[in-house]
Amino acid sequence: MKAYIKEKIDNYKHQNKNRARLLINCPDQPGIVATVSKFLYDHEANIIESSQYTADPEGGEFFIRIEFECPNLKEKANQLETDFQLIANNFDMDWKFTYVFEVKKMAVFVSKEPHCLLELLWEWQSGDLMADISLVISNHEVARDMVESLGVPYYYIPANKDIREEVEQKQLQLLKKYDVDVIVLARYMQILTPKFVAQHENYIINIHHSFLPAFIGANPYERAYNRGVKLIGATSHYVTNDLDEGPIIEQDISRVDHKDNAADMKKIGQSIERSVLSRAIKWHLEDRIIVDRNKTIVF
Amino acid sequence: MKAYIKEKIDNYKHQNKNRARLLINCPDQPGIVATVSKFLYDHEANIIESSQYTADPEGGEFFIRIEFECPNLKEKANQLETDFQLIANNFDMDWKFTYVFEVKKMAVFVSKEPHCLLELLWEWQSGDLMADISLVISNHEVARDMVESLGVPYYYIPANKDIREEVEQKQLQLLKKYDVDVIVLARYMQILTPKFVAQHENYIINIHHSFLPAFIGANPYERAYNRGVKLIGATSHYVTNDLDEGPIIEQDISRVDHKDNAADMKKIGQSIERSVLSRAIKWHLEDRIIVDRNKTIVF
Amino acid sequence: MKAYIKEKIDNYKHQNKNRARLLINCPDQPGIVATVSKFLYDHEANIIESSQYTADPEGGEFFIRIEFECPNLKEKANQLETDFQLIANNFDMDWKFTYVFEVKKMAVFVSKEPHCLLELLWEWQSGDLMADISLVISNHEVARDMVESLGVPYYYIPANKDIREEVEQKQLQLLKKYDVDVIVLARYMQILTPKFVAQHENYIINIHHSFLPAFIGANPYERAYNRGVKLIGATSHYVTNDLDEGPIIEQDISRVDHKDNAADMKKIGQSIERSVLSRAIKWHLEDRIIVDRNKTIVF
Amino acid sequence: MKAYIKEKIDNYKHQNKNRARLLINCPDQPGIVATVSKFLYDHEANIIESSQYTADPEGGEFFIRIEFECPNLKEKANQLETDFQLIANNFDMDWKFTYVFEVKKMAVFVSKEPHCLLELLWEWQSGDLMADISLVISNHEVARDMVESLGVPYYYIPANKDIREEVEQKQLQLLKKYDVDVIVLARYMQILTPKFVAQHENYIINIHHSFLPAFIGANPYERAYNRGVKLIGATSHYVTNDLDEGPIIEQDISRVDHKDNAADMKKIGQSIERSVLSRAIKWHLEDRIIVDRNKTIVF
């Protein structure tokens, strides 16, 4: 990547060298917050932000996200996790620590329409999207110039439904080579195989160009036009093996009227797609999202 | 109705004694606007507001709504319509004149949840919804007090799917007795028979408590909750014999998050339903809507 | 009040007989959350919802709102507060416990325009606004019927700027008689004296019919129209002695265009005023708001 | 400019070789629409879109925008305008024909923050903003690479308030050289002299980073933060010699809360600025805006 972008990322890593997040879900019971906050206090961590949610106040699942500062975090991270395991066992917790200085490595998949990709690149190079955009993979060549001009490798892998597995083999090699943490489908119009999806559970983020569950599948703007809707929308969600049925992260809409034909709706919609995908990715990068079956909790 | 409401309506009629609207649709061709505006000018009508739309600039359907003032309109209305027939024939027009001083007579149907009805009553008594609310028909008694306190007759007609035709017989008699121009289903939870719908084409207005075409049918808030959507909505549409498939007049949405359960969504949604239905009805009362197959043009 | 409303309130009190909220602000330092959550755990309280905020991560003010369930709360409340005083002293806390079963007693002040009052009454009687609306005070008679029809006492106290203190004497007597917890100015168009305001710090809630700080003072819709704005708004805030300068609780806007004159803007604006004031009051009733100098933190 | 952009513009010109717009304002009187539409019909023009507005139905100003198709328009344009002068005289009209194939030449002024410029460039190169971006003028060098990579000349003219006239001399020469039709201040932070503004009445478009008339002048985000507002906004307006007081074209807002500091508000606001400025410019390019004293009519 370009030097000025790398410098922004390096500054961010340095500023956050002592910053981490702890995400937990477990069956609700008294004493969780008391125990976890005492643990952090005993480890000299200062809570900066904390959000919690209980799915059902009468004995449901408990979720919490805590962001904290801890001196000498890099040296202490291992011990922190080891010590926390005891608490986790007592409360039957799913949990993870994430470290803000470990900036996530991102792969962006795109097909012919580059608007979502370009929004991400623009936010990225201006320092508003804190990720390491490691590579872009596309079944078209349209976005090559823009991507390479920012110093990001661009891989052209032609794709169609008959060569799906072969294409994914190449993609998987690249994802492995770049050690990718999150995959963004920025209007990538190929369907992924169940095997591919299963290997990246809850870190493939897609943008669908409709207000789901309306207009699942192909050509949503044409179908919205034909139905005569007065609002169109876009939805960002994690990819699962049920088409457009994965956990929804974010949605938004824009008003249209009878004067807007399908092409107008597409243009209006692209603007929504850009902002919805961008918000969803930022929340993912900030570890704000916990997936609870087919839903997301966004802290 | 109460005297202070009647007075508001009478004032409105008087203020608009020379005000009318002309709605036209016809195949597009050159000269329509020139001909119609010359016609109005020759009849001493002054155009106050005019909106037009061509479905497809290359030979599609043309739609126009003109609001105008014309001195001594009541005396001249018949002649105006007779004279206009010649133009209409030349251009193969569907057309109608409506007279603003002819305030529309409205029947409101409601079941157990009175929030939409009450919004209408409140706007009505404050002079913001210019209709003659002639009667309310309900298969429950919950709203009787509120309706009668404004001097509006309330008819309780128990209903269920086994006695549908018998129920509709009673309703039709009432609609005839009160000479009703528009029927509002303000959360009326009974399905109407095809026969009933056919007799009132494009003047039964329904509010559906979802963002159509998402969550067609029953229990949309529960289904929205189960799907984990981040926005919920409401849709007002004309009733046809395809359930929740009629021409959409207006839609709106509100943001929800993981903390909102189905009951919260219902509450949030009621607020959207109220405003969406109210806007749709006002546009209908102002003759702003032309139905074009399964869509609406809202001028 | 009417029996069916009283029944709703009584049910709510019963359901929440063990529910309380703890609001704290204090200088930030490590260990606050650990200490407070241990305190609650030791007193058998289960945290249902918790939100916190640190004004400046480097040594600023810390704010937290915790909602919890505690068995036999009514018996234990005194002991809870006594025990908490020790912690509060250690951390130099401003704090209060509020008890959900102690439904707040509300006085509504209104002048000529009843739209905000009516929204509150409607939400209240439908169970969506959980307060004890103890009385309505007005310098006009317009809203008497609606208020009394719900069984709420209505006090007509003519007012003008020359008799301000005398008027407020009468109002203060009523507020004392009804032991009022919160005062809502639902479009009450008289200015309150500094003395009156000082006696009710942070519990007089006003609705101003503009998007503050634009159009402070009188006739905001006319001034908005004259300025040619494309959006109009409303603002709900706590009343201080600087006109329209108190801490903002909530704001919202609606789109207008060149066709809307000042009267249209007023109508559109009334709808915003209704929803903005209603949201602000609900947050206040749920003890979600902490005032920090001239700002609010809304949890 | 780059070849692929030029190709898009050339296609657009060709597709619109017979498309024009007629904008009129004049004192309201009967017969305007009839006369104008007859004129167009007699000249073989087919009306595609027409919007009108009367400032005050009782004898106010009348405004109309008509978009039409006319065969062999380029040959007939002169005659059209000559013939129309007779009508214009009769009705005391301000009027102009604009030709869609005459794509407007635009200069963009920018200072240090490139987000608005980049939004315009992105929409432009993707064909969504139909203008000829002839040059960019800046008092900083930050945006040079991006601008030049699209083949647009970039002029660096250092500026400060002490050398204002000298700077404007250079700018005026460039504007003349490129024969510019519209000037966009895409976050250009220098104040223009009254002389400069007077020479470009109603075609300098600015973006102000607040919801005007709130926070006129410098540092609006900081002042918004200090006031504790719950919504921030942006305003696009024509530049006049009253700072931030020119006719407003478009405004929009976004929600903020107590967690957002001034820097967060700035980031959130940049996204609003981008879309508001972009919409305002498009309406200007499509000749949808008529300035009526200190207001705009946007058709």
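As written, the chain order gives the labels A, B, C and D, with residue 1 at the start of each chain.
Note that in this section a contact is a pair of C-beta atoms (placed from the backbone, for glycine too) under 8 Å apart; a residue touches a chain by one contact, two chains touch by 3 or more.
Here the structure is a predicted model, which means the values were calculated and not measured.
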| item | value |
| --- | --- |
| Longest centre-to-centre distance from chain A, chain (CA-based) | B |
| Interface residue overlap between copies chain B and chain C, same or different (over half shared) | same |
| Contact-richer chain pair (by C-beta pairs counted) among A-D and A-C | A-C |
| Euclidean distance of C-alpha centroids - chain C vs chain D, Å | 43 |
| Chain A and chain C, separation of their C-alpha mean positions in angstrom | 37 |
| Contacts with 2+ other chains: residues of chain D | none |
| Partner chain B, residues of chain C touching it in the complex | 115, 118, 122, 126, 128, 149, 267, 271, 275 |
| Partner chain D, residues of chain B touching it in the complex | 30-31, 33-34, 37-38, 40-41, 44-52, 54, 57, 69 |
| Chain D-facing residues of chain C, complex | 53, 211-215, 227-231, 233, 247-253, 257-259, 292, 294-298 |
